[in-house]
Amino acid sequence: MSTRDWLLEDSPTSRWQANAGRAYRVFTAMLRNPLSVVGGVIILVLILTAILAPWIAPYSATGQDLANRLAPPSEAHWMGTDELGRDIFSRVIWGSQITLTIVGLVALISAPLGLLVGAIAGYFGGWTDRVLMGFTDIFLSMPKLILALAFVAALGPGINNAIIAIAITSWPAYARIARAETLTIRNAEFIQAVQLQGASPLRVIVQHVLPLCTSSMIIRVTLDMAGVILTAAGLGFIGLGAQPPLPEWGAMISRGRTFILDQWWVATMPGFAIIIVSLGFCFLGDGLRDVLDPKSEGK
Amino acid sequence: MAPMLEVKNLRVSFPTHRGRVEVVKGISFDLGRERLGIVGESGSGKSMTGRAILKLIRKPGLVTADRLAFEGIDILDQSEKQMRAIRGARISMVMQDPKFSLNPVMTVGEQIAEALVTHEKLPRHAVNERILSMLEAVRINDPKRVAGLYPHEVSGGMGQRVMIAMMLIPEPELLIADEPTSALDVSVQAQVLDIIDDLVTTKGMGLILISHDLNLVSRYCDRILVMNSGAVVEECAAGQLDQARHPYTRGLLAAMPTIDESRDELPVLDRTQWAGT
Amino acid sequence: MSAIELKNLDISYGDTKVVHGINLDIAEGESFALVGESGSGKSTILRAIAGLAPDWTGEIAVLGQARSHGVDRAVARQVQMVFQDPYGSLHPRKTIDATLSEPLSIHGLGNQGERVEAMLKAVGLDQRFRFRFPHQLSGGQRQRVAIARALMLEPKVLLLDEPTSALDVSVQAEILNLLKRLRREQGLTYLLVTHNLPVVSFLCDRLAVMRHGQIVEVADVAMLKQKRLGEAYSQELLAATEGQSPA
C-alpha cells in the first residue's frame, strides 16, 4: 500500500493515521490553490534562506569594504553595496534570520496568549468576560505601532524588546477572535456532552474548545505576519528595533534613505524583501482560510 | 389537453472528486390539477426534484431532461429573467423552516405585499385588502395585528402560515411544498396542511408535497411517488399505499412504530434487496 | 429505590419560569417518557436532571442521592444524556475513538482501547468506524456513536432528548431497536423526551403528558395503546398523531 493510499484510507486503524490523513487532505486542497502555493513557496524559501544563510551569503553581513562603498548592482554584488561597502545581497540574506525570528517569536507569544484569554472569557462569560475583554479593549483602542513604540521606548531599543513589544500589542486581536469562536461553540451539544461527563472547565477549554479556534487563529496569524514584519521594519526604521550593525531589513531601508535618489538600490533591495515576504504570508493565509474554514469542511 | 407539468427523464448531477454523481436518476411523471406526493428519505433526491422544476439548482449542479415543461413552456430553455416571472407568480415553493425563509427586518405585511406587487401592479388599498384576506385565508385570527409583526414575533406555526400566504397571494397555478411542516409541532402540522389542502382544492391548483412522512403524504395527496436514491421505486394512488409492492415502500411502512405497538422489535430495511434498481 | 425523583421542581431560564411544580417518581429499570409539544418544558426537565439548567428550586434525587445544581463527576457516572441532533453532538475535529475515550480519560479509567472496541460492538458499529471523523458517518451512525459515548461510563440512567427525531424512518427503527436491546442487556433506566407517541408506545412503560411547564397526566403505556388517556389535552395530542396514520 502506498503512502497516499494509507493517508486517504477511509477507515484508518489508528488515531495517528486519521489525523495524518486529515492533514494530508488539507495539504492537497492547498495545492489546488495556485496563490497559496506561491505563498507557501515564498515562506519555504524564507525559511531555507534563514537556515542556510552562512552557506548562501557570498560575503559577511558586517564586513566593511570602504573602497567599494555604494557600488551599484553588479556581478560581484548582485544588489550593490551600502555606504560602508557591505554587500546588500548578503545582508538581505542574513536579515531573513532576524525577520523569521521576529515573526516566529511574536506568533509563539501572542497567539497562545490571545487564544487562552479569549477562550476563557468566552467560555465563562459574566464577570470574567467583562474584566478580560475590558483589558483587551484597552489594548485594542490604541494604535499598534504607537503602543509598540511606547513599549520599546520604555524597555530600551533592541531586537528582543521589539519582539516583546509587538507581541504585547498583537495578542488582543487574537483574544477577540478566540472569544467570538468560543461563544459560538460553548453551547454546542458536543461541549455539553463532555461537561456532562464531568470534565473540568480547563479540560473543556483546552481539549475541546481550543482545537476549534485554532484554524481561524492560524489563518489570522498568518495574515497578520505581514503586519508584524512591517511593524518590526518600522521600529527598525526609526532606530528602536534592531541596532546596527544587525542586517535588519527595516533598519537597512532607514540607512538607505539618505541615498535614495542617487543610490536607489540601498533602500530598495531590502524593501523588495519585505514586500515579497509579506505577500507570501498573505497568500498563504488566504489559501489556509479557504482550506481550514470549518464551514467548508465535510462537504 | 396536455398536463400542467410534464417531467420526462429528469436527471440532476453534482461533481465530486470521484466524478459526477447523479442525485436524481431519470425520473418521469405528469401532473395535472391534482395533489402529488413525493416521499423519500434523506438523500433520495426528492428535494432536488422540486428544486429542479423551479430551476433552482445552482452551478456546478447540472439538470438535464428529455422534457421538463410547465403549461407547454420548456423550463430548461428559460433564461434566469424569464424564470423569475414564473417563480412565485405561476409556480410557488414553500420551504421547510419559516425562520430561514422570512426576512427578519421586514414586517410580515411588507413581505407579503412585496410578494404580491412584484408580480402584479395594484393600488395600495387593494394591496392591503388582498393581504388581509390572504392572512384570513390561512386562518390567522387577527390579520391586522399580525401584518405589523416581525418574523421573530410570530410562532413557528404562524410563521409557516405567513409563508404560505406569501406564496399563494400571487395566485400561482402550482405549489411545491418541500417538507412544509417538519419543523412544526404535531397539532400545528395538521392545521397547516389543512390550510394548504383547502386553498389548493378551492383554487384548483396543482400541488407537489415533498416529505419524508409516508402517512402524512398519503393523507393529503391523490397520488404518491416513492423515491429511493434518486429513482422512483413506486407510484400508486394514495389510498392504496397498504398494497404497495416494492420492498422499499413496504419496509418503510413496517419500520414505523404505531400507537398500539405490540412488536418487540421493529423490522429494519434490508438495503441490499433492491440495490441497483 | 427510585432512579429519579422530582419533588416540587420549578425551573427558570433567567427571569421566566418555564417548569412549574413537577412531582415525578421513576423506578429503577423503568422506561419513562415525557411527552408534549415544543415549549412545554419537557427538555428543560431533562437538562435540569443532567445539570445543564442549574436555575431550579425543589428537589432532584438521582438513585436516592440529592443532586447538586451544577454538573458533577459523581453524577456523571450514574446519569448520561443522548442529544437530539446527531450532527451537533459530536466534536467535528475528533475521531470516534477520541470521542469515546474522553469520558474514560476524565475519570481515569484504564483499558481504553478494549472498552472502546467493546462499546462499538455493543452499539452495532463496525471497528472500521473507530478512527473516522464524524463527517465521514451517516446520521444514524453518528447517533450510535452518541449513544456509545453516553454508555462509556456505564451509567444506570440514560436521559434521551428526542434521540430519533432528526433521523429517517428506517434509521429511527434501527436506533429504537438498539435502545430497547441496550436497556434489556444493561438494565438501564430511560427518561425519554419526545413528541412522537408511537415511539413512546414502542420504547416506554409509562408516560407523562406535559403542557405549559406542567404535567397534565401520568399514564401507563397500555392506556396509550388503547387510546384511553384521561385528560382532554392528551386526547388532543393523540388525535393529532392519529390524524396522520392511515385511516
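Going by the order they are written in, the chains are A, B and C; count residues from 1 in each one.
The rule we apply is simple: contacts are C-beta pairs under 8 Å (C-beta built on N, C-alpha and C of every residue); 3 or more make two chains touch, one makes a residue touch a chain.
No experiment lies behind these values; they were computed from the predicted model shown.
K.L.:
Quick check on the contact graph: shortest path length from chain A to chain B, in steps?
P.N.:
So the least number of steps between the two chains is 2.
K.L.:
Taking mean CA positions as centres, which chain lies farthest from chain B?
P.N.:
Result for max centroid distance from chain B is chain A.
K.L.:
Taking the mean of the C-alpha atoms as each chain's centre, how many Å separate chain A from chain B?
P.N.:
Roughly 51 Å separates the two chain centres.
K.L.:
Chain B to chain C: how many Å between their CA centres?
P.N.:
That gives a centre separation of 32 Å.
K.L.:
Using mean C-alpha positions as chain centres, tell me how far chain A is from chain C in Å, no decimals.
P.N.:
Roughly 47 Å, centre to centre.
K.L.:
Residues touching two or more other chains, restricted to chain C: which are they?
P.N.:
none
K.L.:
In their shared complex, at which residues does chain B touch chain C?
P.N.:
Touch residues, chain B against chain C: 41-42, 156, 185-190, 212-216, 218-219, 241-242, 251-252, 255-269.
K.L.:
Of all residues in chain C, which touch chain A in the complex?
P.N.:
Residues in contact with chain A: 50-52, 71-73, 75-77, 79-81, 83-85, 88-95, 97-98, 102-103, 106-107, 128-133, 135-136, 146, 149-150, 152-153.
K.L.:
Sort out for me which residues of chain A touch chain C in the complex.
P.N.:
Residue list for chain A touching chain C: 10-15, 17-19, 22, 188-190, 192-199, 203, 207-208, 211-212, 294, 297-298.
K.L.:
In their complex, what parts of chain C are in touch with chain B?
P.N.:
37-38, 139, 168-174, 176-177, 180, 195, 197-199, 201-202, 224-227, 236-238, 240-247
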